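In the two complexes that follow, chain A is the common piece, with chain B as its partner first and chain C second.
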Partner chain A sequence: MYKFLLILFFVISVNTNLLSEDNFEKGLRIAKESYESTRGYIDSESDQLMILVDPKGNEVIREISGKTLENDDPNDGDKSIIFFNKPKDVEGTVMLSHTHVNDDDDQWLYLPALGRVKRISSSNKSGSFMGSEIAFEDFSGNDYRKYEWEFIGEEEYEGETCYKLVSIPKYKNSGYTKRIGFTDKLLRPRMIEYFDRKGELLKTLYFEDYQLYNDKIWNADTFRVVNHQNKNKTIYKWVNRELNVGINKKDFEKSSLLRLAD
Partner chain B sequence: MNFEAIIEKYTVSILDHRIKTLIAILLLVLVATAGARFLEAPSGYRGFVESGQPNYQDILNLEEKYGMIDTLSFVIKPNNGDIFQKDVIQLIHELTEVSWQTPFSSRVSSLTNFQYTTVDGDDINISDFISDTDLMDENSLQELKSLALQERTIVNFILSESARVSFVNISLDVPEDTGFEDPIEFANEQKAYFNSKYPDVFVTVAGSAMYSNNFQTTARSDATSMYPGFLALIIILSYILLRSITASAISLIVIFLSILPSMGMAGWLGFEAQPPLIIAPILILTIALAHAIHILSIALTNMNEGMDKKKSIVESMKINFTPVFLTSFTTAVGVAGVNFGKIPAFSEMANTVVIGSTFSFILSVTILPIIFMLMPIKTDGKSSVVLNALSKLGDLIYKFKLYIITFIGLASLLLINLIPNLYFDDDFDSYFDRVDDWVEVKNIVNDEFGSSFFIFANLSSEETDGITSPEYLKKIDEFARWLETQDEVVTVTTVSDIIKTLNKNMNGGNNEFYSIPDNKPLNAQYLLMYEFSVPYGMDLKNQMTADKSESRLLIRLNMATSKESIEFNERTDEWIRNNLQGYQTDGVVGIPIMMPYVYQENTNGLMRGLLFSFSFIVIVIGITLRSLKLGLISIVPNVVPFILSYGILAIFTNIVTFSHTLSILVSLGLVVDATIHFLSKYKKAESLNLNASDAIQYCFKYVGFPIIVASICLFSGFAFLLQSSFQTNFILGGMCALIILIALIIDLFLLPALLLIFRRKNVV
Partner chain C sequence: MIYIKILNFILIVTFIFSFNSNALEYKLYGLVQPEFSIFTNGDGKHHQSKNNYSFFTKGNFISYLDERDAKITISAIARYDEKDSERRYIDFQKLKYEQYFENYTFKIGNEIIFWGVNESFNIIDIINQSNLAEDMTGTKKLGQPLLSLAYDNNYGTIDLHLMPYFIERKFPSKNGRPRLALEVDQNSITYESSAKEQNLDFALRYSMVYDDYDIGIAHFHGNNRAPQLNINPSTLKFNPHYTILSQTSLDIQATKGAWLYKLEALSAKDGNERHLGVAGGFEYTFYGIRDSQSDLGLVIEYSFDDRNSYPFNNDSVAALRWTKNDINSTSLLAGMFIDMRGNSNRFIAEYEQRINNNIKLFIDATFNGSIDSQDFTYAFEEDSVFSIKLARYF
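Up next, the complex of A and B:
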């Protein structure tokens, strides 16, 4: 009888927990499902175009191409290689990153004019990517492991009912105190508002031009960022993106950097 | 019907329709006053510059590229020893972290978050200069000190050469039409917190935002500290002078009804509540009080002499209407000359006084006689002691007229000789030298860093990605090093310093490589690497444009007067012409460069304004008095006070600031008032065919007393400005008080003496 009651109590409490998932758990669950829906791409290759627009409408264009490699380790981040094509002076520069979830990334840079590979260690995740309004940390902003989540309701966004999620960075050097975003019912992030260290709205990232890759993974091929404080805009486009192309894993090692640069 | 008859008819008719007139006037006052809520908060130093001013345009162009130039800085100074003590570094670390919370802050730079590069073979580590404060010991502190003092972008920017004072600089990006109150309030809270947490360290707030905010705080503190006392003084003065509570009450009503709608109109016109505007109510008050006293004192004298109440006021209006109109008009014209200057804050003050002068005239000839009729007036039937004294004065002047003219003439000659010693200059950093807290900060910063001000210079390569070309980098470096040889400059930093440091670090930290590589792609790749390595808020956007075609130099200035700043700017422009062909630059840009030009243009403008106001006033006097002789004589009492006061000024100082120039324009109209009252009575006396001595006695009887009264009011009004914590108001008040005092003496002694002399020549 005593054992039975104990079991009964246990079952009830577990069930109640499942039934009454709180908003933090719900937020985390949605974020995790959203993240996982983008996994399984194995590797990818793409050309990228970045347009910086100042408040007067002057544009500056940067061209890069990149490769990424999915990391199976549930406690670590993906690896990526960026080749710089434009402006001309930086053509041939290559950057290799081994990202980490909540630690500083490892980065190596090959500078063709110097002819050497340099390892950079810095807490630069919060820094601007090539003078744009996008920070390094924004590229992996869909990684649920980087934030504390909270679901705060459902709201219409561009005619679709979306989950409204608040996320708080765990990375201590993050440039943000908070993000508020909309994730649609296909689990695709649609828009994220970023709040700076003083808690003020800094910028909004709009995820646009969603494409379904390999019949299973939705990727936004355009990131449009509007900075509300300095009134600059950045448009970041992925073109010729391919997933699961079979890149040699060895390419993502420091020792391959010199070879890749040629 | 002659003019006096028209005035008589007019006065009788408003007294007959007193209720209708009252309501109409009060409605007008009410509507105008309603605008007061639109008075704008002062925009700091920016309210002192016209939008089209070329140096200001340079600042706006620079801000468009690199963000706002204004900063707030925490100044940190340990009571003993230098910055490199564990608790002081701890404080800077905490303060840096919390500074990111400052409203509208866009970046924070300090000794702790300075991005410091170390090299180990091919490993480059870029990180905060000081991140772990717990592990510091005496050795590591001394090591940090010697490293910091080797960094040219640290020394004199965030750490003084003596290492005794350090800054935490917060760059602000405040939206248009928003003041600095929120960031400053935040900074002051932190200042209080850190001062109590670290009692052995002095923490305070400086920076251009603080400087700018001083305009607002001094305006507010001036208003609260000066107005109540001044009001009390005026109540007492008007009672002593009029010796009737009712008459004093009438004056006060007229005064208030003149001030309120004027400030209201200032609001309707979108003026800013800058410190100079604080003077406007005081000026309007004295103008209105002078009107009221002129009209009331004659009405009371008439009643004392047995006239009935209505006839007394009608007769007084007959005598006073023209002079009251004229004095309002000339005051307005005099002050309006300030519009020739180039500082909006002062033009707005002047225009408010013009409006106030108009209101005070309207009220003096409408509400004043009506209230006089409505209120019970008691008179004691005695003629005033002052009048008897004045009558004796008249006799004395008649006797000693030649001595008086000779004495004042000689004194003038003596003082004129001193005037050539005066020269124009200004020091915009001295604006708030009467604010103790500010002076304390200023002294620390000036002693340790030269000055608290930065200026900038933008250099465009005129091609995309041009700033990484070796030619450009060498030129900008040459420019920076040349600037550093100038006395006015403490230190300069540019993109060439970043490239040199990177080149050194990329070559194993070898000092031989502290130079600019002759390889454009390499420089571009260095910059790319650097940009990839710095965290949030530490990027190079405040130093170079996104297309990398332009970059800016950051220059810390030494203390310099206006003259020195202008010379420095011209010297720099010449150097640029000779050495920077092929590059586009506006030269050096910033508040300390702009303000001297604003003053110079302003002083030149005020000189033109003075010429305008003065000739206008002489013509108006000539026309109204319909006498060339009186018009010409009027020049003497209207010019001599200024010469004498500047001569007296020359005894004490050689420097004339634009505030001194301003004082001439502000007081001109007021000085003229007394002359107009005197001359118009003198003309009346001539038309009554009085002999010389009696004519002067007549003038003294009818205007001597009101002139003395009005001058006392004006003198005390201006003397009150000596309490102002705003340097310009202080100088303006002091100069105007001196001018008014001298003018009174001239009007009472020299003017009658002159009239007697010229009369004798003409008549006898």
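Up next, the complex of A and C:
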């Protein structure tokens, strides 16, 4: 009886919490749960293919491969290494990033022609990644800690009822003033509209080809971006993605760049 | 020659490993690049020709062994030049075998190692010899044979390099443009070291990252990469003399948002004389200028040296770098070098853009303004030039 009362009390208090939740708290909770559902991957390795399409339909291909290391620190970001393969003139270039949640990242670039590792400025997370319609900050766009959230209702998206969320970047150098997105009931972002610094609709990012990795983590293997202002499109595909591969943590330090580079 | 023996050794090791591994994991890539230059002041001071063509190629072969715990790298460059015989060469920039252990890296062979943080005045960079036939500013290097051991832990990295064989500086020949006032007689080289080119040079470097700071402390002892050029009165050529250099250096970069602050400093004993050099500056980038994807970077650097004979003893550079961040990676660098002692100045511009996935276009221009007759660059005062290069990558 005592146990039953305790459980009853617990259920009521949780429900009361949920009932009293306002739209900002609800938005944050959904975003946090969505983010946390993608955590626990430990590390990952993948090849990435990018197709850049101009308004006339001309296509250009980019190829990179990458490694990512999850950061357990709740106040810090993940680490990543990118190896550039195509276009051919950047082959052999390697970029190491230590990302931070609401601050500039630390980035180093290995330049093969000079045999030189350069620390570069990274206060431009809003800049184009390899001439595409994707910015650096979009890769970590699911990190709830980077935005203020608001739940503004439920809507049908591609036949599914989704949460409609507004997010406002906290990072002062963000290229956006606002994002409006749909997150489905499996907590997967499905589509996000981005508004530029002037508040105008800039682009839409569609999350496609969701795959369940290691029986627990949903990753969209395709990002499709349509820029409404310059009419360019970018299709970004992850292939051969593997999680929890056991990469040496030391690979993600500056001193390993020369080791990992050609 | 020890140098040839080392190269042979690495090639033999390469082949042994290649045949032992069942499925050789390797990468092969490179480029071919025709180049054409037009000089705008007519014939040069030394009656060189008004234009020149040249052909450059580079090949890289990288093979991973031992479940990626070992690596063989071959990176070779070669050039054919219409006029300058010193620009007809092959160089193994990298020809090395590396073995990785948890905290150690062992390396043998030819390697390119860069020290420093500056964009223009790379005063502490000392491991590799400069190829002045390739580029008078000295940024183009020749592969250095070495044995290296690196140790790293949470506090930083220590590199030890032993260099058993010295590579002589390459200078343009008498038909080269630009070239020095006199021809360099590569058959009349002298050394302070009795072991000459077989002097065992060594270098030690400690480098670390602390928050926004990248810091390096280094010491080098061995044949100076920059020779004294003494006029031989009977041949009227420069005879290079390589002294023994003992150089201690410090380099720091602070990365603060869009600002980069850079400093390189050295104290060195060259032959019997001690000298001091300091060079540094800053770089600032304006991102997304005028609401576009373009960035505009500003670089300002200054170099001081307490030797009167050193070319960059009171010099500065100011440059603007525009990057369009478009599909073709279009960029333009425009800069001005000013020698504040002799009031000499030089203007450079470098434009590049991709034509397609495999072809890239480069257009470079150098204009010499007023040049003081006491300045070493006076010899190429009339060598203002436009060059066009087209790189085809494979």
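Quick note on the criterion: the second predicted complex is superposed on the first by the 243 of 262 C-alpha atoms of A that agree within 3 Å, B and C clash if a C-alpha of one lies under 4 Å from a C-alpha of the other, contacts with A are read in each partner's own complex, and residues count from 1 in each chain.
By definition in this document, a contact is a pair of C-beta atoms (placed from the backbone, for glycine too) under 8 Å apart; a residue touches a chain by one contact, two chains touch by 3 or more.
Bear in mind the structure is a predicted one, so any value in this text is a computation, not a measurement.
Novice: Which partner does A:259 reach: the first (chain B), the second (chain C), both, or neither?
Specialist: second
Novice: With the two complexes superposed on chain A, say which partner A:168 touches: chain B (first), chain C (second), both, or neither.
Specialist: So A:168 meets neither chain B nor chain C here.
Novice: Can A:229 be said to touch chain B (first), chain C (second), both, or neither?
Specialist: The answer is first: A:229 touches chain B but not chain C.
Novice: Answer with first, second, both or neither: which of chain B and chain C does A:124 touch in the superposed model?
Specialist: Both chain B and chain C are touched by A:124.
Novice: Applying the document's definition of touch, where does A:114 land relative to chain B and chain C: first, second, both, or neither?
Specialist: Both partners, chain B and chain C.
Novice: Who does A:54 touch here: chain B (first), chain C (second), both, or neither?
Specialist: Once the two structures are laid over each other on A, A:54 reaches both partners.
Novice: A:89 in the overlay: touching chain B, chain C, both, or neither? Say first, second, both or neither.
Specialist: Both partners, chain B and chain C.
Novice: On the superposed three-chain arrangement, identify whether chain B or chain C touches more chain A residues.
Specialist: B
Novice: Chain A residues touched by both chain B and chain C?
Specialist: 52, 54, 60, 87-89, 91, 112, 114, 116-117, 119-121, 123-124, 126-128, 131, 173, 175, 197-198.
Novice: Contact residues on chain A for chain C in the complex?
Specialist: 52, 54, 60-61, 86-89, 91-92, 104, 106, 112, 114-117, 119-121, 123-124, 126-128, 131, 173, 175, 197-198, 250, 253-255, 259, 262
Novice: Under the touch definition given earlier, write down the residues of chain A that touch chain B in their complex.
Specialist: Touch list, chain A to chain B: 52, 54-56, 58, 60, 84, 87-91, 93, 95, 107, 109, 111-114, 116-131, 135, 173-175, 196-200, 229-230, 232.
Novice: Of all residues in chain C, which touch chain A in the complex?
Specialist: 27, 29, 31, 60, 62, 73, 75, 93, 98, 100, 102, 105, 111-114, 117, 139, 141, 150, 152, 156-157, 207, 209, 212, 214, 253, 255, 257-260, 283, 285, 287-288, 291, 293, 295, 325-329, 354, 357-358, 360, 391, 393-394
Novice: Can you tell me which positions in chain B touch chain A when the two form their complex?
Specialist: Its residues touching chain A are 64, 67, 100-103, 105-106, 122-128, 173, 464-465, 468, 506, 519-526, 528-529, 531-541, 546-548.
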